[in-house]
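Two complexes follow with chain A in common, the first pairing it with chain B and the second with chain C.
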Partner chain A sequence: MVPRIKDLVEVLYREIPTGVGSKGRLRLTTQELKKVLLRGAQWVVEQGFGDREDLEHTESGGYIEGADPDVISRKAYERGSPQLGTLGSGNHFTEIQFVDEIYDEKVANSLGLFKDQITVMIHTGSRGLGHQVCTDFLEVMQRAAQRYGIKLPDRELACAPFNSQEARDYFSAMNASANYAWANRQYIMHWVRETFMRVFNTGPKGIGMSLVYDVAHNIAKIEEHTVNGRRVKVIVHRKGATRAFAPGHPELPPVYRETGQPVIIPGDMGRASFVLIGTERGMTEAFGSTCHGAGRLLSRHQAIKKAKGRSIRREMEDMGIIVRAAGRGTLAEEMPEAYKDISNVVEVVHRAGLSKKVARLRPLGVIKG
Partner chain B sequence: MGIDGIRRVDDVRLEIPQDFKEGMRTKGIIYVDEVLEKELEDHSIEQVANVATLPGILGHSLAMPDIHTGYGFAIGGVAAFDIKQGIISPGGVGYDIN
Partner chain C sequence: MKGFEQVDISGDVGLRVWGRGMEELFENAAIGMADLITDTSNIKEEEVRTIHIQAEGIESLLVQWLNELIYIFDTSGFIGKRFRVEIKDNSLRAEVQGGNFDPSRDERRLLLKAATYHGLSLRRGDDRYEAMVIFDI
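Showing the complex of A and B:
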């Protein structure tokens, strides 16, 4: 497998549109894009990109109710339409990895993970569409906060009462963006599978690439939780945090009802990524949430300065990791030193009991935007 | 004692007491050990405290160990609001939706 990584990275880089403002190979009509915004990955699977099992292994089954395509601005449509099925830039990536450590044999087994197995991880979101939705609604919310007399210590916290019209519009637009993100990853995952099948000249069974789990990590959702002994409906904001539901949670699909929800934690491109599992303590203490990644240590600007005169690509290759990036500055911005050590981050949530370690994955090949 | 006004609860939890800042409706909890505590930015601590002032917040204003400064809300932040009395904020989700 390892000698083939270079080929795979090259082919994946060609097959999956990557980079700032990259345009995809999909040509969807406005009507079709509206279906994406309403039904996310579910619609994509119906079009033949993936299968039913993918949806079972995706948070919320690949889409959430309550999306409204009509509250999305024309500008958001213009940005989002050509970008569906693209990776984008920044910290977004496709990685070929291998399982180098199993912490919980039983759970790993239920998730279909075993030592030395090859895995692929995809990290991308709602691209320009979600970005534009955020920009549009920050303006709306600045006015709303004033209108409803909400005292803010920082104007960046602009918000509106959840039962106001402004909040309803934002929530519908955000849900639509979330559905776009699930759809986006579904397309990309499908193309990754196709690429593997072509490179290894085999069929879907031969390649055996089933989805472990797909999670969101920038989202606000209505959920029921226990607060001070009372069951209440809340709107949970997770910004750079991941849902991590405990075993037995009714929102989990039957296959994961007993184990709890798998959590995917991408690390930087040089060190590692992790698979965790949700716990009861995470439910009671953190609204069923855990960390989302390594977390930046250096700003993009600081990282570029630090990388001056170095070849990050070469440094990575010396570590046995093949890297391909679309943007000139991307590798500098994304170098391992720009991030906190993912092992420390994961150790903290594990020791705090918010989620449990299941497996560690090491990168072999990285495609960056 | 590390940062002014912040209290270490145990080896993986820091507490921002409710009197850390005027208007806080609940305390803040940041999940970090002593290694990651050294990498905490003052501004991101401030942001966790700010979120605790928002109407309808339930439980605590939380931050995961991968915390860093974001737009309004820290990245790594978790906050739950009552759907009847609480708010929703685009800054609490961020630009890279989902």
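Showing the complex of A and C:
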């Protein structure tokens, strides 16, 4: 496997459009894009990009009900249409990894993970469509906040009461964007599988790549939680947090009902990423949530300054990691030193009991935007 | 003279821009933003686009102006080099001269998701106008 990483990274970089100004390979009509917004990864699987099992292993089965494609602006459609099936830039990535440590043998087994196994992690979202939805609704929400007499500490934090028309429309648009994001990752995952099959000259069975879990990393959802001993419906907004439901939660698919929800926590491109599992304690203390990722330690400029005169690509190669990035400054900005050590971050949520460590994944090949 | 500088913000990127008048400030903000996306010296001036924006305040006008340029870049690859802005009563009319970005030829710098209202400021100093805009990347 390891000698083939270079080939894999090159082909993946070619097959999955990445970085500033890249356009996707898909040409969807407006009607088809509407179906993506309504039925997310489920529609993508129906088109032949993946299988039923993928959807069982995706949060909410690959789409949320209550998305309204008609509240999405023309501009958002225009940005979203050519970018479906693209990775984006910044901290988004596709990474080939291997399992180098198992912390919970039983759970890892249920998730299909074992030591020295090869894994692929995909980190991307709703692309230009989601950004445009945010831009559009910030204007709407600023007017709404004024009308409802809400004083904002920062204009970017514009808001409105959840039952107002403005908030209802936004929630529908956000759900549609989330569905787009699940669809986007489903396409990319499908092409990753195709690439592996091509490079190793084998079929789906030979390659044996099954989805562990696909979880949203930035979303607000209506959920039931216990607050002061009472079951109440609340809106949980996870930004810089990840959903981590405990064993037995009714929203989990049968296959993970006993183990709890798998949680994917990406680290930096040099050190590690983690798979965790949701816990009861996380439910009661953090609305079924855990950490999100490593978090930056250095600003972009600090990172670029620190990388001056160095070849980050070479340094990574010396560590046995093949990297490929589209942007000129990406490797410097994304170098491991620019991030906190993910192991420390994960250790905190593990010891606090918000979620439990299952496996540590080490990078072998990284594609960045 | 350069009318902008990048500002270091953890996780995002900021632009400090200035101009002798409000219109020059808006032009410099657009030049500064294009510089975040790519090295525009290779971009040809082969096309002119006209942009109209109406906003509720001058700060919103600045954010919406930059977001309009991001939208145009994201959907068509068009990136401006030369900007002529006219502002009257929070309403903007601009002529933008530029050309298409080619990812295989042009330098790929930052993917800007949006210009934001976070930490936004726009004020008149003693001898010039100054603004600060933070971009979501």
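Basically, the second predicted complex is superposed on the first by the 368 of 369 C-alpha atoms of A that agree within 3 Å, B and C clash if a C-alpha of one lies under 4 Å from a C-alpha of the other, contacts with A are read in each partner's own complex, and residues count from 1 in each chain.
Note that in this section a residue touches a chain if its C-beta (ideal position, glycine included) is under 8 Å from a C-beta of that chain, and two chains touch if they have at least 3 such contacts.
Note that the structure is a prediction, hence the values are computed from the model and not measured.
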item	value
A:154 touches, of chain B and chain C: first, second, both or neither?	both
Contacts of A:131 with chain B and chain C, given as first, second, both or neither	both
Contacts of A:255 with chain B and chain C, given as first, second, both or neither	neither
First (chain B), second (chain C), both or neither touched by A:296	both
First (chain B), second (chain C), both or neither touched by A:2	neither
Touched partner set for A:329, first chain B, second chain C, both or neither	second
Of chain C and chain B, partner touching more chain A residues	B
Contact residues common to both interfaces of chain A (with chain B and with chain C)	131, 134-135, 138, 154, 156, 158, 296
Of chain B, residues touching chain A in the complex	11-13, 21, 23, 31-33, 35-36, 39, 47, 50-51, 53-56, 58-59, 62, 64-68, 70-98
Chain A residues within the chain C interface of the complex	19-22, 75, 78-79, 82-83, 88-90, 128, 131-132, 134-135, 138-139, 142-143, 154-156, 158, 296, 298-302, 326-329, 369
Complex contacts: residues of chain C adjacent to chain A	6, 8-11, 13, 37-38, 56, 59-60, 64, 67, 71, 73-75, 77, 101-103, 106-111, 113-114, 116-120, 136-137
Contact set on chain A toward chain B in their complex	125-126, 130-131, 133-135, 137-138, 141, 150-154, 156-163, 167, 170-171, 174, 177-178, 180-182, 216-220, 222-223, 225, 227, 232-241, 286-287, 289-297, 340, 344-345, 347-349, 351-352, 354
